[in-house]
Every structure is written in C-alpha cells, then in structure tokens.
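Supplied in structure tokens, the structure appears directly below.
Naming follows writing order (A, B, C, D and E), and every chain is counted from residue 1.
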C-alpha cells in the first residue's frame, strides 16, 4: 500500500526550476532510495515533501491525505521525520535537549525517556555526550544525533538526506545497518544518497533523478546492475 | 513595458536623447519655476537616471559633473530659493560622504557601528576649537582664532584626527564581534559626545554645552566663504574625491579583504588576511571621511555644540546606508540623499503645506496632531514602508563583472599542458 | 575621601539597586528577542514607554472613579500590571507581525530600520494620545507606595549614614525578581523555552521538529513586550512622571546592560542591569569626590560605557555570555 | 625530506582530549592522508597546524621552523593553505573574487597607491584577475567566474575552496574532506585533480577523507587517528590490513567498497 | 503637492521676483521645536505668537497687507534650524522670525537671518552669546543669563541667607549658562559653592547627584535647567529628606513643574524674567483668550511668544508707515524693530538696547508655598 505519493511535482527557487514534474511513490514498509548527482534535486524533493518549500504544482499524498501545502511543523506531526542535509543540529542546545526537541510533540515524560533509550541503543556514543553542546560534536557524531533526534519522533516515514556524508566507513556501515534494522521493525524509509552503491544495496526500490527529473526507477537490485546507473553513479 | 525598457537598454543613442531631454526639461523648469522643490529634486534625479544608463563610466562622470558643477547651481541661482537649495545640497553632500564612510565599516567590512557620528564631531571640534578664540584657553603659544585660510589645512587635519581615533576605537573593538560591537561603538560615540559636553572643566577646551560660536569662515584668495552656494563647491570637491577613493578601494585588494572579513572571518584569515589590520583600516578610512566633513560642517554652521552629534544622528547615517543598500556605493549615495532631502526639504515643505491648509481652514486638525509635530511619525512610516518593499536596499550591491576576454588572453602561468588533462565535466548536471 | 564614599554607600546602593532593577527587566526584553531573532529590537524601549503610559492611564482612571482609595494598593498594582502586560504584549506581537515577520529572510540589518521606524511611530502616537487627552504629554500618575522607610545603616557600622527608601522600591525589586526567576525558569527549563532557543538557532530545523515557528516567535515577542510593559508600570510608580521619550534613553541603557551581561543570556541581563544601575549611581554620587572635582557626576555614563568596553575587551561575550564556539 | 613535522601534539577541550601526543612527519611532495573515525580529532589537528586553535602542548615545525603560536594569517604566509570541512566561502562575492582574496599576500597595492590608482596597482590587479581565472580553469570552474559563490552547486563549492587555497601559493595544502557530498564519479575526477596538483604545482598535500577509495588510490602515506591518538600509520596496503584500523574505522565491509 | 501652491505664488510675483513688489502677503515665521523632548515649550511659543499675529491681522488688513504665520520646526537641532533659516531667508515674503527656544539653535540660525536681514525677536534665549555677537537683526525680550543668574544669587544669599550652595545643571546651553551665571553671582556675594554637578536631560533618576547633596549638606540647592528634570529633582530631593530651599530659573516656570513635583514643590524658589502673566489684567485676558482658542492653559513661554510677536509686528507696522504704507524692505523692518521703544506687552515692557537686549527685562522672584501654579511673587529686580 502506498504511504507516500508524489504526483507531477514542480518546484521553483525563484527562477530556477528545481523539480520538473517529479512523481514517485513510497510503499508502507519499504526502503526507497533517491539517487542522483549534485544539484539534481534530491534535497529539494525531500524539502517539498516536508513542506519547507512549496511546490508550484502537483500533489503530495501521504497516508491517503493530501499534504501538498502543509507547513513543515504540521507535516512533522503527521509522522514524517526529515533528517536534513548537513545535519542541522541545534548548536547551542545540549545533546539531550536536541533529542528532546525531536519529541517536541510528545507530552509524556516517560515516553520521551523510552524513546531516548532506544536512541542510545542505536547510538551508544550519544549517551556519553548528553551534556555537550550539539555544535561542538564532530561531524559523525552530529549525524548520529540528527538521526537520533528524528527517531525521537517515532515517525512512520523517515526521510534521510545523505546520512553517510562525511562519515567514517565503519559508521556508514553502521548507519546503513541501522536503517535496515529500523525498516525491519516496520519503519518506512525514503533515503537520499550520493553513495548510490550502498544505498541501492539496502533499498527495495530506487529512483534516479537528474536535473530535476526522474529518469529511471526500478528495484534496488536492478538498478545496481543497470549499465547507465553504473556508469553515472557507481563509477 | 519590459520590452520597451529593453530596447532602451540596447540603444545608447536613445539613452543619450532621453537623458539629455530630461536634463534640459528639468533644468528649465527649475530655472523658471524657482521655488519649485519638485523641479529641484527632478533635476537632481537626473543623476539617478544617468546611473541607469549604459554609458561608460567616464561619460557618466562627465555628464554628472556638468549637472552638479554647472547646471544645478546655475538653474537654482536664478532666484530667491538659491541659497536654501544650496544649503540642502551641501548638507546632502556632507551626509553622503559620511554615509560612504560608514558604508565601508558596516557595508563592506560588516562591522556594525552605532557611534559613527563621533568622528564627525571630532572633525568639527578640531576646526571649531582652533578657528575660534577657544584654543587660547589651553594653548600657550599661537594666536587664536586662526584665520580662515587655515581651513584648507584643517580638512586634512580633521581627516587625520578622525582616522587616528578610528584606530583607537578599533583596538579595543577587535575582540568584540557582531552586535557586541554595535554597543561598544555606541558607547564610544556617547563617550565622545559627553566628553565634549563636559570639557569646559577643569580646562576649558570645548566650551561644554555652550558650544563654540563664531567659527571663522574659510578664506581663499581673500574671499570669505559664507554662503551655502560657496560651501556647495567645497563639499562637491571633497565628495567627488571620496567617491573616487571608495570606488577604487572597493575593487582592490583592500576592498576584497574587507568583504572577505565580512563574509567569513575564519576563512579570511586562512587566506592570509590580517584581521586586526583590515578592520582597523576600515575604521580609519571610514572615519576619515567623516572627519573631513566635520571640519566643513563647523565652518558652514559657524557654530559647534554637542547637540549636533547625538546617537540619533549616528542612527540616521546608519539608516542611510541600510536603506540605500549595504555595501553598494551608488545605493548609499542615493540613500543618504533621500533621507537628507526627506528630512530637510520634503518633510518641512509638507508640514508647511499642511499647516497652510489648516490655517486657511481647508482641513482641520487637532493641535496635538499638528503636522509639524508629526514629522517623526511620517519619517517612521516612510522607513517602515521602504524597508518592507525594498528589503535589499534601494540599489543593492553588485559584484564587479569582468569580461572573459580580458581574463583569458594572457600567456599561461600555470603549465600550459595542464589544462587538457584537467577533467572538464564539473558542470555535469547544470 | 574613602570615608565620604562610605557614608553615602548604603543610600547609593539602594538607589542603584532600584534603577538597576528597572534596567534589568527592560534588558530582559531585549535579550529575549535578541536571543531568538538575533535582532536588536530597538522598539523595545518604546514598548516599555507605552506600558508606562497605559499603566498610568489606568491608574488615573481608577483614581478618577475614586476606586484607588477604596482598594488595597497591592490589588491595584497587580491589576494594572496584568492589564498593561497583556496590552503591551499584544502590541509587541502586532509589531512583530507587521514590521518584522515580512523581513525574516531579508538581510539582518534591514529589520533595524523597521525597528527604528516603529520607535518613531510609537513615540508620536503615544504623544498624540496623551496630548489629546491631557493637553500635555508629560504625565504624572497618582502616587502609590510613596511612604518612606528608614534604614538604620549606621547601626551596622558608624561609618555608614542612614538611608531611606520609598516603599515602592520593594515593590519594584520584588516584582523584578519574580519576573526574572519565572522567565529564567520558563526559558531554560520548560519545553516552550527550549523551543524558543531551538528556533533561535535554526528556524528551519525547528519546524521539522513540529515546532510552529511563527507561534514561538510571536510568543517570544509577547513575553518580551509584556515584560517591557510591566516594567513601564513599575517605572511609572517608582518615578511618578513619564513622557513619550523615556523609552529611548532607558532602552539604550537596558541594551547596554543586556550586552554587559551577555546578550541572549537571561541571567546575564539581570546581572548586567543591576550592575549598570549600581555603577551609574555610584559614579554619579562619587566621581567628583574620588577625582577631586575633575570629573563631575555627568561623567557617569562615560564611566558606565568605559566599564562596558573594558569588560567586553576581556570577555568579548559579556559577563555571563558563553563563548560561542564556532566549530571550524 | 620532511616538510611538516609534528611532535607530541596535544589538544584538550576542557576535559576532552581531542589530540593526544601526536607525532607525524609529512614528506615534501607527498600526498598524506589522515583518517580515523568521526570525532577522532582530525579536523582539530588541521586547526592546530593552521593556527586556528593553539595546541595545549607540542610542536609543529614547517621546514624545521616552529609555527606554533602563529596566527592563521601568518601560517598562511608561511605557506600552508587549507580547505574547510564545512565549506567557508565568501558567499556574497563572485567566484573570481573569492580566488583573488586568496592572493591577498601576493598583491602589493597599499591604501594610498590604490586610492591614487597608480599604474603599478592597476597592472597588478589586472594580472591578479588573469591569474585567478587561470586557477579557476585549473579546477574546472571557469564558467562560473562571474557568479556569486553561494549560488554554486555543492561540489563546485568544494572545488572553489581548493582554487582559493591554491591562490595563496602554498607549499603545503591541507584538504578537509574534499570529496564529502560528491558522488563516485565526481570523486574520481577530484582524485585526478588532487593528483595533478601535486605533480604540477610542487605541492605537498595532506588530506582528511572518509572515502576510502580516494584515500587508498591517491595517498602514499596514511595516518590513522582514533580518540585523539595515532593508532597506526603506513602505506595504504599496511593500513588496509591493519587489524586495529579495521576494527576502529574501516569495518569488515571495507574490503568490498574500497 | 506642496510646490503647486508655491508656483502660483511665484506667478503672482511676476516670475523671478526680487522684492515681491506686487505681493501684499507678509509672512512671519516662528522657529521652535515642535517635535521631540522640548516640544511643549516650543509649541507654547508658537501658539502665543500665533495669537498675537491673528489679533493683528485686521489691523494690517487696513494697511493693505495680509499677515500669515509660517511655523517651522527646528527640532532643537542646530542643523535643522540653519536649514530652515535658509528656507526662511529664501522666502521673500517673510519679514521676521520669532524664535528660538534653544540658544544652541538660535546662535547659528541667527547668522543666517543676519545675512538676509530678517529681524529675529527671541522670546526665550537667555545665553549671552545670542546678542553679544553684535548682530543687527537679533533681539530678545527676555533677560540674559548674566542678569537672571546673579539676581537669583543675590536673593538666595541675602534674603534666604544661603551660605553653602549646591548647584545642579542639566548640561545644556541654557542650564549651564544660567548655572554659571548664578555661581559667579553667588561667589561674589561670598557664598560657598559645595558642588557644581550635571545631570542628563531625559533621565528620570537623579538620586546619584542627590546623594552628593545629602553628603554635602548645603543650605540651598540651585538648579539650572527645565521643569521636567527640575520637577523630578525636587520630588526626589524631598523624598530623600532634603528640606533646604531649592531655587531655579525661568526654565522651571511651568504648571507642569507643580504637576510633577506635587507637594514637594513647596519651598521652591524660581527666578523668572516673566512677570506673573495672570496678575495683571492684560495677563488674565491673555490667558483666557489662549485657553479659549487653543483649549489649554498657558505656559510660561506662551506670553513671551505673544510679546515677541507683538514687538515684531510693532516694528513691522512702523516700517510700513515709514515707507508710506508700501511694503518695506527687510532691512527697514529690522531697523524699526530695533528702534521699538516702550512697547507694553503682556508680561514685559520692551525697549531694545544697542545689542538687542531688552532694557526693561526684569527679574521676578517667585516662591511655591503650596502645590499650585502660578507661584507667589516674592521680589522684583530691575536691570539698573
């Protein structure tokens, strides 16, 4: 069953036509990856979904509801968590507060505690640094925190924008493991990656975006062996 | 409309005709309708029109020069309002120079300065003290007031003193960033003003709140400069020098360093830029313009007292810079001119007019709302509207655009063979 | 010389504390808005001024109906404080909506212009209304809490002279402390406070955390302005006379105080305000004595600004400000 | 010959030891990689070398001359340039001007000569522009030269940082994660560029990178940091097979990706 | 907008008119602060002047001239004042100025009036420099600082028996000038000056300086400044338990002083160049007319504005008559204004001396015995 569906989305930044009729679909329980080179429009796609930018035309349907023009804070409430590109940790909040921000809509303290424990389970490193200011963490640590923060929302759909960027190989491996694990536990995931190889390996399905247009789609495994994809993105 | 503008943009001859026609028409309307502020302003705005043409810089300067040096004074001089127009034009010039100075500090180097008027005060007092009998109180040698001939030297002394204080202010400021800087400079401005207001004790240097009256007018070849129409030319000369200096600095190593510091201090340092030196230079250069104009101001007013140098004045200059477009020299010039004219001429005329209406019984306003009292209100509204509708400033800063040809046709410093090997496909998806 | 300074010290401290408390609460308003929008809300001084006028107007109305005599002063005070805070809070929200929100993505300094515009506007509007109603824009309110209380400082040490305070001093101080503590708790310990800080640091991401950014900013303005208005009332009660131009000077001082303490930092604002008030009072009372008449009381502001500059030289982020670590 | 020598370098942030007694030698003309898990202290190490942070203790020698205590701009003058992990361009000025800022120390125009617009200054400026343009060509950004730096795509911004660093005419170039955010294809182009720069511009290059393909392909010497300590160093082959490194950093799957 | 009307004027004048020969409009300008902190005072001058002008309109109508008032706002800012002065000078129909409030504005602006030979009659500037520069067009009807200050000092020392005096001033040209003059006078009479301190205009807390007063224990406090600060200073001094007499100059002369200080105003003395407006019949009438027309009580300067305008119009009328009922030149008007003798105004009689100072300027000394304005007249000092 489709959890999220984009229909012919067109998004502009001023005069720049960043998304040119993007349509894609994410089914419940899937990992879907969106790959493409720099400036292809991957981040813009995620931003359009979460409401950070408004599409000029097209429709976004989530869980059967039209969420095309909902502002980001409302989208978040519907269960879509967006881990933005470049981590975007609150630099002067402590690590703990950063996590708490993730659970902003949750009132019950106990629930927050529980979720936090779950985050610690995935990222033990975070637990050691609860009182450190988010901004002083290293790049990798921040990425973990950013994912952890999104997990605090306990989202239905987790959108990750280049989570492997700037991370040590072992961490990348871990993160992909965690993504898989989260998915196995029932979370739907929309993954944007430059690291096409690894992304396609764990994804059920994938879309290739080029200068704002979806140029190809298919099962992860298919794309992995596709000649054109290999040449352009797997080098 | 767009098309139409486009055609004009393409066609230089058409532009020449339009500008020429405009200047002639406004010139004659001012010439004939002497008291028309509108005609005066329209003639002035021919400079703005000129700015938008595609003529070469040299031609623009030439035409602009003719308008400023000959046409404007000539057209205005035909009648009674002459001196008052020249007064306004002189003040506009003074403010433009100051705004350009502040623009270096705020717009280019990104250092928020709320005490800028202090440098103006320094210039004014430097001349004021020595061009009145005041200096006799503490200078054992020499005979004061100095004659008006010294004025020309004092322009440079004022420039130098202000620059020196710019550096003195800069030194403590270096460690302070962003909005902290704003308050430090604000404090500095207030300190200078309060000191000037109190330095009549223990030794009477500034004559305190009473101010310095009867400052000697400038003197050249036996002629005293007494009228705004004369000061107009002094200001014009200084102003043109200032504009040239700013323009050259802007697109030089120094200007780039200022902008780099503004954009990212850490990266600027990594490029080998000495942070302290660069910021100090911005302070000093910016201050020096103000210092010069301070000297002119003292001579023009013939009276210097601390009330001319309040915080509100600093804020007004800042408004000119931001409104015009931070970092943009043409923008700042426009901003300064607009705010000054608005304050001195338009608001005054407007209130006079409204007042006339209410005196004649055309409109009836309660006294509390009398137009003369609502100037701040009107000014406030205008500020808000401008900011909301032109948030980037009136003429936002532009980056220099270079011609590719000029950049290319040199012999290669880098090994000529390299180029081909370098992969050329960065623009893969753009 | 030292003796002379010590004689008046108790009184100087008390007076300084009063002034400082006023500075401190106004500084809080600056700090809050700054903390969240990185905007020096120049109009804050005018909101404070508006509060003073609204409060005085209410008190005058009460007095006009003869209610003031019939109700306990404390009740009147609380009533006025609450009403005024709400009025100025809404005013602040309105200003944000009209003059700041449309410029949220514009260059930072352009909002400075609208802030200045709003200041001028408020000054003239308040002046206009006051003049229309009163014939004169200088307003003197009914006196509340004007009893004098003597403090026998001489019983502590004979070097001190006795001091006296107006009972409104205690009101000012108590209300100020309550406001500061509440606010500090609110911002640092509650969820909405955390949301405010998050919005301050990264608006876009805060929205992704399901924070309604507009609401948080509006709330910030409401609280900041309500505080400003309430302070206006306290000011009017303490000093009795107000005019539409009090906001400018006081705003300036409070801004200085906020920076001294470390702008954006609530405790810093409190401390900075009190410190500035005490310093100023001390300078006004003692500069001539200490400098043998060379520096008069009028140098008090020079003294205050000089201290500020010196503090910032050694601690560029203000007394309580955290060194802003920029990770390279 | 060692151009950059680091002895016993330590940096503490409060209780946190970000670098602990690091010794390192960088050979002139080499490409050296510094790798390690996130938070290992790699960027901190760069920051100390470039004068952004002062070391808690230890020595940094450039050509046997200590550069500890120098300000960042002085370090640049000595011949060390760098790029930043989190891109730090001068966003509001053009790409060409960004590079020209890098030439700051090699231009001689002073305040007065500039204001007077002496022919010498004009000539120098013109030459600087051409030189800047050549550098842009070198990294392949010439088509963007008149654009605002902030409007560039991410990958181009990284390259601009390199061009800008080159403009300072460095002897040693420090690159902090130059390939971050690039796809494999772009990364391989970057690899070529880095390699060429070393060959043609007489440079010594030290780079931090998490992309093992790039690191293993290009570097002659690799230093591995973990928790602020140096846990290994050697040739790519040594490192690839070092148990400690695999455990702390590469992970088991490393063999397949790199 | 605004230029339309003016173009018509120009047309009436027959193009670029030099003297405006055909015109029968005569404008008198006022220049005072109408906005900002001291707008009340500036306003009251303007309104007083307006009243006088309107009363005279019929009179001038008979002579064939139409009188008009053009109020300018100098904002208390010298720059603005000078720029306005240029505008005033440029308007050939303006034949006189009533202004200013601040000496700091009057001094540079009058340099411009002098160039254009426009007579200025100042209702309020007490600084010595205003007339001491020897400008032919500058006149004032109020007393100079160096008359008012010593007169106050004499009263303080001789009548009130003050031996030790603490002086506070507001660090403006007015306050400093007056306080300095008082200080000099008091010292000459053998009083001891315990302190000479400044406060900042616009502030509301003067406890710092008052703590000094408390420590020094003077037997009189003198304040050079305006009523806004003065009122608060008096109130705060009394709150502190300082009971000695407080004395000030004409800047305190306002009903608002009493409003601000309330009961604390008792035992306050005030020197003023104004006779009590409301003690004479003429004064009472004036106050009533003023109230009726503008709906507010008079301020101390209202009557000065009225009288300054009166003198100016008197000079103008004389000039017109001397010129055979034709429009005189500005020079002629200026000369006639200076020549005005024994003009009887509401608050003062006016004859100008060779500098333009009023020979009849008198100093009146008032005391507040209760919280009521106006205060009780205690003494009168004449110039000679």
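The definition used in the following text is that a contact is a pair of C-beta atoms (placed from the backbone, for glycine too) under 8 Å apart; a residue touches a chain by one contact, two chains touch by 3 or more.
Treat the numbers as computed from the prediction; the structure is a model and nothing was measured.
**Student:** Which chains, if any, touch subunit B and subunit E both?
**Tutor:** Per touch definition, common to subunit B and subunit E: C.
**Student:** Farthest from subunit C by Cα centre, which chain is it? Let me know.
**Tutor:** Here the answer is chain D, farthest from subunit C.
**Student:** Counting C-beta pairs in contact, which chain pair has more, C-E or A-C?
**Tutor:** C-E
**Student:** Taking mean CA positions as centres, which chain lies farthest from subunit B?
**Tutor:** Looking at centroid distances, A is the chain farthest away.
**Student:** Please compute the C-alpha centroid of subunit A, do the same for subunit D, then give the distance between them in whole Å.
**Tutor:** 30
**Student:** On a C-alpha centroid basis, what's the spacing between subunit B and subunit C, in Å?
**Tutor:** That gives a centre separation of 34 Å.
**Student:** Which whole number of Å gives the spacing of the CA centres of subunit A and subunit B?
**Tutor:** 50
**Student:** When the C-alpha atoms of subunit D and subunit E are each averaged to a single point, how far apart are the two points in Å?
**Tutor:** 72
**Student:** Spell out, as numbers or ranges, the residues of subunit B touching 2 or more other chains.
**Tutor:** 197-198, 266, 367, 373-374, 376, 428-430
**Student:** Which positions in subunit D touch two or more other chains at once?
**Tutor:** 43, 52, 84, 86, 153, 155-156, 185-186
**Student:** If I count partner chains per residue in subunit A, which residues reach a count of at least 2?
**Tutor:** 37-39, 136
**Student:** Name, in rising order, each residue of subunit B that touches subunit D in their complex.
**Tutor:** Residues of subunit B touching subunit D: 244-245, 248-249, 251-254, 256-257, 259-260, 262-264, 266-275, 281, 285, 397, 399-402, 404, 406-408, 410, 412-415, 418-419, 421-430.
**Student:** Can you tell me which positions in subunit E touch subunit B when the two form their complex?
**Tutor:** 1-3, 5-7, 9-10, 15-18, 34-36, 39, 43, 47, 68-73, 75-80, 82-84, 86-87, 89-92, 102-104, 107-108, 111, 115, 127, 129, 133, 171-173, 175-177, 198, 294-296
**Student:** Can you name the residues of subunit B that touch subunit E in the complex?
**Tutor:** Against subunit E, the touching part of subunit B is residues 32-39, 78-85, 87-88, 91, 197-198, 200, 208-211, 213-214, 226-228, 301-303, 305, 307-308, 343-344, 348-353, 355-356, 359, 367, 370, 372-376.
**Student:** For subunit C, which residues are in contact with subunit A within the complex?
**Tutor:** Contact set of subunit C toward subunit A: 191, 194-195, 197-198, 201-202, 204-213, 322, 324-327.
**Student:** Using the touch definition up top, name the residues of subunit C that touch subunit E in the complex.
**Tutor:** Touch residues, subunit C against subunit E: 4, 7-8, 11-12, 15, 18-19, 124, 127, 135-138, 140, 143, 146, 148, 161, 164, 166, 235, 239-243, 245-246, 248-249, 280-286, 288-289, 296-298, 300-301.
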